[in-house]
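In order of appearance the chains are A, B, C, D, E and F, and numbering begins at 1 in each one.
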Amino acid sequence: MHPARKQKLMIVLFILLGSMVTVGLILVAFNEGLNVFFTPTEVAEGKVEAGQNFRIGGMVKMGSVVKEGLEGTDIEFIATDTNKDVSVRYTGVLPDLFREGQGVVADGYLDENGVFQATQILAKHDENYMSAEVKSALDAGERKQAEAAMAAGQTP
Amino acid sequence: MNLSGSRQTLGTGASLAATLQRELLIILRSPGDIVNPLMFYVIAVSLFPLGGQADAEWLSGIAAGVIWVTALLAVMLSMESLFRSDYEDGSLEQLLLSPQPLYFHLLVKVLGHWLLTGLPLVLLTPVLAMMLALPGEAYWPLLLGLLLGTPTLNLIGAIGMALTVGLKRSGVLLAVLVLPLSIPVLVFGSGMVQTTLNGLPYTGLAAVLGALLVMTVSLAPLAIGAALRISVN
Amino acid sequence: MNLSGSRQTLGTGASLAATLQRELLIILRSPGDIVNPLMFYVIAVSLFPLGGQADAEWLSGIAAGVIWVTALLAVMLSMESLFRSDYEDGSLEQLLLSPQPLYFHLLVKVLGHWLLTGLPLVLLTPVLAMMLALPGEAYWPLLLGLLLGTPTLNLIGAIGMALTVGLKRSGVLLAVLVLPLSIPVLVFGSGMVQTTLNGLPYTGLAAVLGALLVMTVSLAPLAIGAALRISVN
Amino acid sequence: MWQWLYRLGSPKLFYDMTTGFLPWLTIVTYFLLIVGLVWGLGFVPPDYQMGDNFRIAYIHIPMSVGAMGIYAMMACMAAMHMIWNIKLADLVARSCAALGATYCALSLVTGSLWGKPTWGTYWIWDARLTSMLILLFVFIAIMALRSAYDSENSGSKAASVLTLVGVVNLPIIHYSVVWWNTLHQGDSILGVSSQSANPPEVWSPAFFVGLGLIGFFFQALIRRTRNEILLHERRSQWVQQLLTSKQLQE
Amino acid sequence: MLSASGLYCERDERVLFSRLDFDISAGRVLQIQGSNGSGKTTLLRILCGLNADYEGELRWEGKLINATVEHFRAGMFYLGHSPGINKALTPMQNLRWFCANRGFADDAAIIAALEEFGLSVYRDIPCFQMSAGQQRRVSLARLPLSGASLWILDEPFTALDRRAVADLEARIAEHASSGGAVILTTHHPLQLSCALEIINLDERGPQ
Amino acid sequence: MLSASGLYCERDERVLFSRLDFDISAGRVLQIQGSNGSGKTTLLRILCGLNADYEGELRWEGKLINATVEHFRAGMFYLGHSPGINKALTPMQNLRWFCANRGFADDAAIIAALEEFGLSVYRDIPCFQMSAGQQRRVSLARLPLSGASLWILDEPFTALDRRAVADLEARIAEHASSGGAVILTTHHPLQLSCALEIINLDERGPQ
């Protein structure tokens, strides 16, 4: 082959090989998981040890929030991913959007009792925006559905 | 022409080896280029115990971050010597006009630079990690991360250096160009240490670092070459 | 000689004002010299949360140290433009041969440099402090410390720059010379923040920083002058 | 083969074509912006959780998407400049940089202002936020590099190379929310294409503002590019003619 | 070998040359003349491919140069204002790298070339210890090594003493007579034993 | 004004000059001659106090120079190889700073000086936009402004065109005739309307 062509071909092959290896390694990485926070399930599986700082993410379980202390700044609630639960304790002011049934992300560590001691609480907002009326209408609809389901003897 | 009988045709590989050898010889002749970045690394890392608290727990908390960030800065400062003398004495023009493939020559040049500045930096790291009370289990991911990460940083730095070698004052500008692009390496590299400290496997992150390395190895020479052509203009 | 009637004799003060004005004019003409160190400051500070952990508690623990160390590095990199162009175009020789007192001229030059690079850096700090989640009560000691500390760092950096201005590549060498000398400023400066976070008064440390400033203001010009005389030789 | 491209790349042609077009674009832009903002900020019902805060979306989202779009456009221009040596492409890229940096900075500012009431913090080192910050750094680095060169030609080429290198950041920004569990929410809320339950009265103002900001970008881009063209071609015949005819009019 | 047609170049809004055509074939020596700043260096850098800011057409052995870059580079040798010699290395090391770049290793030839340029004794001395003229000779020693047919030389006589100048002139004439070609600039009156063509740039660009 | 006795200087282990004595008084012009690298610049820098690596004695108006530095600096003006002009500033700004350094402010005089050197139109243009010769003129415009009696000029004719050279020669002669003194180096044959003394360094140092 013409030497100049050969050079070009070598470079092209090298880059192609590089891209393939890159893609391969990225796939490996995704298999291993890159998440920056852990779900309650992962916590329950024992992926983290007590005392380590990490970030947990989940939903605030309906009806689980308990406020204590003088100004209600000692807070305890349960973070859930519907599969497993982790109880979280936090002292401080909560962000406005902290609601039951909403996403939450917390920094902190597990104590010996398996309670997550949070140092910071952040509210994660979901992707849906709606006006209050729409929401209540929707909620009403859901409640009706739920009642209907109850009436039919099924567990919601 | 006097092509005597001793003439030996070289393939691309041998010609690359010659470039590597030249690179190493040149750096070895000016030890300041090797020693100064290392000195910077040591001094800058030791600033942190002084600037913050000095208790072991606090230190081990910041160790990985500090080591990675300082290594990044040191690598960047060490880039200053790459291409600079070649630019000034005209060797760069010769390289650009050489009939050999520029792509591989540039790769080899950066490799030579890494061998004499990046590698010593990695080898020095355990000492600094000890000074910062890094827990024992984090040494391996730290070193592996730096081994995979510093060549990437060198390649990114080489792009920046190639872009600024024609300018008179390039120090800060180089940093401004190169640091943002190096952030991913930093994030995954120090992430490896952090995950280990959290008791998790670091293979995923190491794979990402490897992917970044392979990607820059295959693409950076193109950018470096284009940038050098602009700089000699 | 054509000494027309409009001639006005200037005292030392007015002649210093002229030097200051020139310094400011020159820096304003090359905005890169102002903007690049600031960019470096911002980028380098953001490297730490990325390289370390990102939670607010960890960040606020290292905030003071990180800000101080990075400010130190940024000041040092910004020094590159001081004396460099004066050296290259021969203005430095003119300054050294001027019948006016060199001591004050150098002081004013560094002051000009600080006004356009050090001061913006201090002013930018609150934003970075916020990004690093520094507790509110620590803002004042941090800013006060930087206000007292950056001029000192500039003066120390000016000594280093004066020593290396005659060399071609000064970047890393400058860092290696200057960083060790700047450690006291760093220790007391970040100490101010730490004491405040521990609920103690910081006046004592501020006084030390003030003392360091006054000392360098009075002694550094001598060292800078001597170093410059060596460099132009 | 690329003849048409070169012809399109003629600064004079660009200048002539935009002369008539620019006023219309400007009018439409302001109309869209005013309608969208008044509607979005004043009339759309508040969100059931975030209340009025969510209105920041009408600025934040177009700014964010805009900044990324501008970068993508700048990268295309840089590629055209590098490959076919089209000067106009570089003039456009140059105008893009400053505008993109502005959009990017506004995205960061509006995002943080929104973050305080919703997440509880102005800033957090989350993948999307960080990568957006890097985008701002890259924009600034490109401008700094260009201005560091004395020779304009080399400066443009160097800026083009850096622009192309920086493109890797774009997919990182976009997919950051997919690859990592970030605090910043995922794709698709106000998007028209989205499957989500957002009713039209929520997303239509966004549509207006979005189009308006795109329009704003283009009219600002065209204005800046026209200035650059005049500056660059100031010695050419047609610019001289233009200037004398302007002077005659006055 | 190399032919140019309709070359045009402007720099900083000043036209350096326009409508420049020439054709250089084996056995010819072409001198580019012009006052300081007239664009000689710029022209040579355009010819050898270091500068791409020009309009017009360049052909190497009939083909457009961009279509045959590798060929062209192997057949051409450029020596610019700066010598392309690393000062920390010895002449031997410098020239070895040069040869490797050209795809061969041949210490005997390097030694012969150094001898030809009067540098035998300095073979293993780092270049920074040598005077300007000696450094220049190291870079000239690449001429016989390059194996190129077209030499492009920008002021090759700088810093050379009288004898060395005469030697180099002889070398250039020899190269031309053995089928090579040379394009060069110089401010000094050339004395060649072969025909010399001249292009004067001062007449080319509107001042 | 300035007298030197027994000056000796070596650089890089090579003696540049030794046992150099001279005495320059009002109305005299002294030219230092010598080949490249013979030490002319070094000598001038020693005289004006920028270089302290020498042996011997320098006196200003009878007093040892170190004892009367401020006086000496006020009465002397040195112009070296590099122009001492900041390229980002305009001629006016550059010269204002120069005057302030010399302890006065006088815009009228600056304007007159710029006019004398043919720079009136360029008064407010940043120097980097000017050609080498024009930049040189800006630095020369300091001569009339300096108010110094002794001028020390290192190759002041560099980059000047023929008319400017003649003007500067006239200026130098005028300065000497009005009671000043000048020490200068140049490679060009000086044509002065006044007496010229010459020191040749090539005869001073052992080669």
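Methods note: a residue touches a chain if its C-beta (ideal position, glycine included) is under 8 Å from a C-beta of that chain, and two chains touch if they have at least 3 such contacts.
The structure presented is a predicted model; accordingly, all values stated were derived computationally and were not measured.
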{"item": "Minimum number of chain-to-chain contact steps, chain A to chain D", "value": "1"}
{"item": "Chain at maximum distance from chain E, centres defined as averaged CA atoms", "value": "A"}
{"item": "Which of B-E and A-C has more C-beta contact pairs", "value": "B-E"}
{"item": "Most remote chain, CA-based centroid, reference being chain F", "value": "A"}
{"item": "Interface sides of chain B and chain C: same vs different residues, half threshold", "value": "same"}
{"item": "Whole-Å separation of chain centres (CA-atom averages), chain B against chain D", "value": "34"}
{"item": "Gap in Å, rounded to a whole number, between the CA centres of chain F and chain A", "value": "76"}
{"item": "Chain A and chain E: spacing of chain centres that average the CA atoms, whole Å", "value": "67"}
{"item": "Mean-CA-position distance for chain E and chain D (Å)", "value": "48"}
{"item": "Residue list for chain B, restricted to those that touch at least two other chains", "value": "100, 173, 176, 179-180, 183, 187, 233"}
{"item": "Touching two or more other chains - residue numbers and ranges from chain D", "value": "121, 124, 126, 130, 137, 140-141, 144, 148, 153"}
{"item": "Overlap residues in chain A, where contacts from two or more other chains coincide", "value": "7, 30, 34, 53, 120"}
{"item": "Partner chain D, residues of chain C touching it in the complex", "value": "31-32, 35-36, 39, 42-43, 46, 49-50, 54, 56, 130-131, 133"}
{"item": "Complex contacts: residues of chain C adjacent to chain A", "value": "53, 55-58"}
{"item": "Chain B partner contacts - residues on chain A that touch it in the complex", "value": "7, 10-11, 14-15, 17-19, 21-26, 28-34, 47-49, 52-54"}
{"item": "Complex contacts: residues of chain E adjacent to chain B", "value": "48-53, 70, 73-74, 76, 78, 80-89, 93, 96-98, 100-109, 112-113, 126, 144, 147, 178"}
{"item": "Of chain D, residues touching chain B in the complex", "value": "82, 130, 134, 137-138, 140-141, 144-145, 148-149, 151, 153-154, 157-158, 161-162, 164-166, 168, 172"}
